[in-house]
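Just below sit the structures, each encoded as structure tokens.
Below are two complexes that have subunit A in common, paired first with subunit B and then with subunit C.
Then we have the complex of A and B:
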């Protein structure tokens, strides 16, 4: 049970949320789906004194195209993302990634913004955000700013979302024609956090691309695939070397040794890149 | 600190004064005496606390009671009014021995019902995928899957408006 006394608010607008946040010196947390925050509180790992629920804030849950981007409201649930026609038509790898988070119940409540702001190093979205070059829109009393994925993740459960900030939207550039992307993860039990996960994107026009890894460091890491994919054929040794370079900082824990995790990183980077190449080649064939 | 919530539970509007620290699972069990919702892990892994929240399954140990103001909750109790009136999913679980101790069962049944509402003819793989969030220590899931398959078959033989 939760022991810390909590002052709870459910403001009716984003402006009200930000005003409350700004006015607050105590430990305050934002509450969206609660699938990470509430268990964390029950376990006694977090003791916010003030909770600000986003449930009444309108227009935080949507998937829409705007310009070259797929824009997703931060309070959109994983279930909504998995089922969204805009996501499936434009950035299907996002649906693939979201569909593997937790289980049905967790996906019904957990949100894109909540997951990104929580930034568990083994979470599904971070490597995808990095590989696809997503941007996070953050609002505060100072106004609105946009933070690229490469600058968003700062450490274990630490992001560019600071006290007084609300993550409101995630923007993902819609892939160019001829691009393929894939998300692959290693879990021992379906629904668990991955030990290692990977998201790759490859273009069949110039065979350039990127692969990002999660679970292997305190933040997601990525590397470009320049020169590693020649006319659709992957230089696996070259990719292994690039992944080894990326995973030098891997740490051992109860899930496995450094060698085991780095080996998983090689395998799943390869699987993600192979799948992305296959999808890119298919889009090329379809043109 | 206590706060008022107005929440519809099993189609009845309830107004409650709840401690802001209380989770929905405890509110249902302690304040409303709806003890069909069970608490296993209390931290969102086991699914014994599964309820239907605003039309979709959710783990009630991960929802703050105070955060359900204006929401609609359905618990396992909403599936039947007594032994002579049970839901076809419950019937299938009984017939196919899809439960032993019964602790996971309310959550398992609500998850099965959500699956069948979205996918009336699931494969075994789809059934297993749908119950990832409901852990069972007794059955090894074999008869759970059998029960859900049987419920799907029974549902296909039943007029739509007779299925809740």
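Then we have the complex of A and C:
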């Protein structure tokens, strides 16, 4: 249970949120869906003194196309993403990924921005953000900046969202024609975090692409597929070697040894890439 | 026109009458109860596995916090409450330890209570816990039961050398000769995982000492309210007739709540001290770290066979890891004892030598959990049988067929002298095999293997000791503490309504429905005219609660008898009212009438009005329709075969259940829907035990699985549809032909699923025993890696 006294705010605007974040003395946390922060608090692992809820801030929950990007408000829930026509039509792999998060209750409350800012190493979105080249829009008193996924994840539960920042939007480039993408994960019991997850994107035009892995290291890791896919055929040994190289930082925990996690990484990288190739090939056939 | 004979409700698929209130949330659990002036209790629990308690610091600071009323340590509690101890005079070797409900001097597991805090609410109480600090001088911990038995191991209790609290050897000196002379003999060792019942509702206690009446009332989420009352009286030295224990709605127990809990004693003592109501509701972390755990064993099993594949001998040893203390009334020895006593299963075993050993370790105390030892015993027999089948080149089902007890051999005396009352194990197994399509499976398996998929089939056949009857309990010696009779009181009110009271304690089994079915069948009334009251020591006759698959036989038998007495009394009163001879009275469908003249019929309500309100009864009768009957139940055996088909992903090691079939025979069913619900729940818990659930400690005794993110429990997504078939062999020894069946669902899944996994892996690494549970994906990969090189299967092909 949560034992400490907490000061709670639910300001009506982003400006007010940012003003409240300007508190050097106390531990301040932003509260979105609460699906990670609140359990962490009940387990006594986080002790914020001030909670700022985003629930009354308008215009943080949306999915819309802007230019070449699919733009998603940070407070959009996993359930909304799963059901969004813009997502399903343009970046269906995001809906696939969101639909596998937790359980119905968690998907109804948990948000895209909350999950990315929390940056659990085993969360669903980080490898997807990395593979698809997403960008994160961050607001602070100093203004707005855009951080690419490759620069966003800094460590276990550490991101480019710094003191005084609010993550407001995620931008995902809409895949070009001929691209296929897939998300695969290994969970033991439905609703739990993945031991390892993978997101791959492959182009059937030039067979270039990228596969990213989560759950294996403190931050998501990825590797380009150039030279590993030829005419829709994956060089599995080549990919295994590439995955082995990028999973040298794997850590053991109660879910498995380093050796086992690295073997899962190889398997799920292959499965994600194979699925992405299949989808890319179908996209090609349709044209 | 006579009364229409109604079909008996015994055996009918009646919908559970208690479900509407559960589904609507109109239930009342201990957590829902509020009393004026009620305060909350929270516990300081040890984060050290083993050590000397030097002091509890911070008590003045905690007491200074607004809303904190009391901090109680072990020394203070000792002035009010004796330690928990489980005395047992037995022909077997046994040593009882003492457990102060709050630790004194020494702490022996992570999660043990060091102090109790009373405060206005749980928030304040937990704030106070943050101010307390236990200064503990650590001692070496011992977490492995085999290591704990070694000389020089840290000794946890001064009176228990080598930490060995129980050793029961059912010796047969002929066994070594039988094994030496066998045509085939196979042996295996398996480490069974420690897991836990995890009821949806954890423990919860509300203690209320009323200074006016000097009555102590304890609401507790328990399976055994009368026993709790008796032990409160004894250990608190308080008059038992001034104590009332009430178990309101209870959200599951599975054996974990069939023990006296330290928290019950602490809250009662504190309430007596503070003279106000006090509540504690266990949270999920406490439920995992400190509530009674179960089932950790190291199992060795050897089976010997003659040239025709008949079993000639069985040797088995079960070493139970009992954890730190001994839970009343079972002691942790229940697990290895039951395994060693039931390992024979449904097979003819000419010579058996079995042993159970129980060892204290620096981990939470183990007690009883659904099946108690029978899953381990069944695993030992069934997995070793599969090992033998592969070694001898005999189909596993055929090997069982050759060794199962024939239906004509019942009643059958086991190697221990117990009696299997009835059954038809071979027909049950054949029904399960036919249902799953065993004959066609091997071709399907080969075709799938061609397609790169690895599927396997496995079975687990069992005899389920149910009810733990009056004589059985005496024989085991448990009868010294739990004599296990059952009493029912059946009261007809002036309107003809029927109230049943029994000493069993419904905590999810559907007794409100099934007991009413029994009464309505005997008394011929409508189901909704029957009310069932259990779980309140002031309302129910003294009884032994619900555990050990006992309520249908023990409680049900007592109810059937008492209802028959009421029916007989109603006939006598009716004879008096109708001026006829009792011999001429028929009682059908709830009305009594003179045989041949059904138009002069009296309903149960008519008879009740006459007897209870007008006193219009024969002179020698009391003007009541109220009967009480005490039943000393037998121990009928149910039996079942479970068959699982699994697919193993040999890249990840993941095991997926594709199909699960149960063919079972629990005698006369009261309500097949409830029987099936019990099987569903049991199988789900068995799946959890064999594939997912594992309470883990590191070598220092630190607890590693304190949340449901780390302690994996199967969800509806991991449990396949369970296909159930029934056979009915009525018990010749129990009232109504009923057998218990509450635990059986959880007994066989471990064996069936492990056998299926081993079968699926034959093409990868030959048949090798699954020697560590749970079967995690990583275990599967290591198992393949360890055995792939020396696989003996000639058909071996590595993909």
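Methods note: the second predicted complex is superposed on the first by the 285 of 287 C-alpha atoms of A that agree within 3 Å, B and C clash if a C-alpha of one lies under 4 Å from a C-alpha of the other, contacts with A are read in each partner's own complex, and residues count from 1 in each chain.
Keep this in mind: a contact is a pair of C-beta atoms (placed from the backbone, for glycine too) under 8 Å apart; a residue touches a chain by one contact, two chains touch by 3 or more.
These figures come from a predicted structure and were not determined experimentally.
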item: Partner chain in contact with A:283 - subunit B first, subunit C second, else both or neither; value: neither
item: Subunit B versus subunit C as contact partner of A:53, first or second or both or neither; value: first
item: First (subunit B), second (subunit C), both or neither touched by A:10; value: first
item: First, second, both or neither for A:38, with subunit B first and subunit C second; value: first
item: First, second, both or neither for A:257, with subunit B first and subunit C second; value: second
item: Partner chain in contact with A:191 - subunit B first, subunit C second, else both or neither; value: both
item: Which of subunit B and subunit C A:90 touches, first, second, both or neither; value: neither
item: Partner chain in contact with A:218 - subunit B first, subunit C second, else both or neither; value: neither
item: Per-residue contact with subunit A, leading partner among subunit C and subunit B; value: B
item: Touching both subunit C and subunit B, counted on subunit A across the two superposed complexes; value: 1, 3, 43, 190-191
item: In the complex, subunit B residues that touch subunit A; value: 1, 3, 20-23, 26, 42-44, 47, 50, 53, 56-59, 61-64, 66-67, 69, 111, 114-115, 129-130, 132-134
item: Contact set on subunit C toward subunit A in their complex; value: 122-123, 126-127, 130, 283, 285, 651-652, 654, 692, 696, 704-705, 707, 709-710, 712-715, 717-718, 776-778, 781
item: Complex contact set, residues of subunit A against subunit C; value: 1, 3, 43, 186, 188-193, 254, 256-257, 260, 263-264, 267
item: Contacting residues of subunit A [partner subunit B, same complex]; value: 1-8, 10, 31, 34-35, 38-39, 42-43, 51, 53, 55, 79, 102-106, 108-109, 190-191
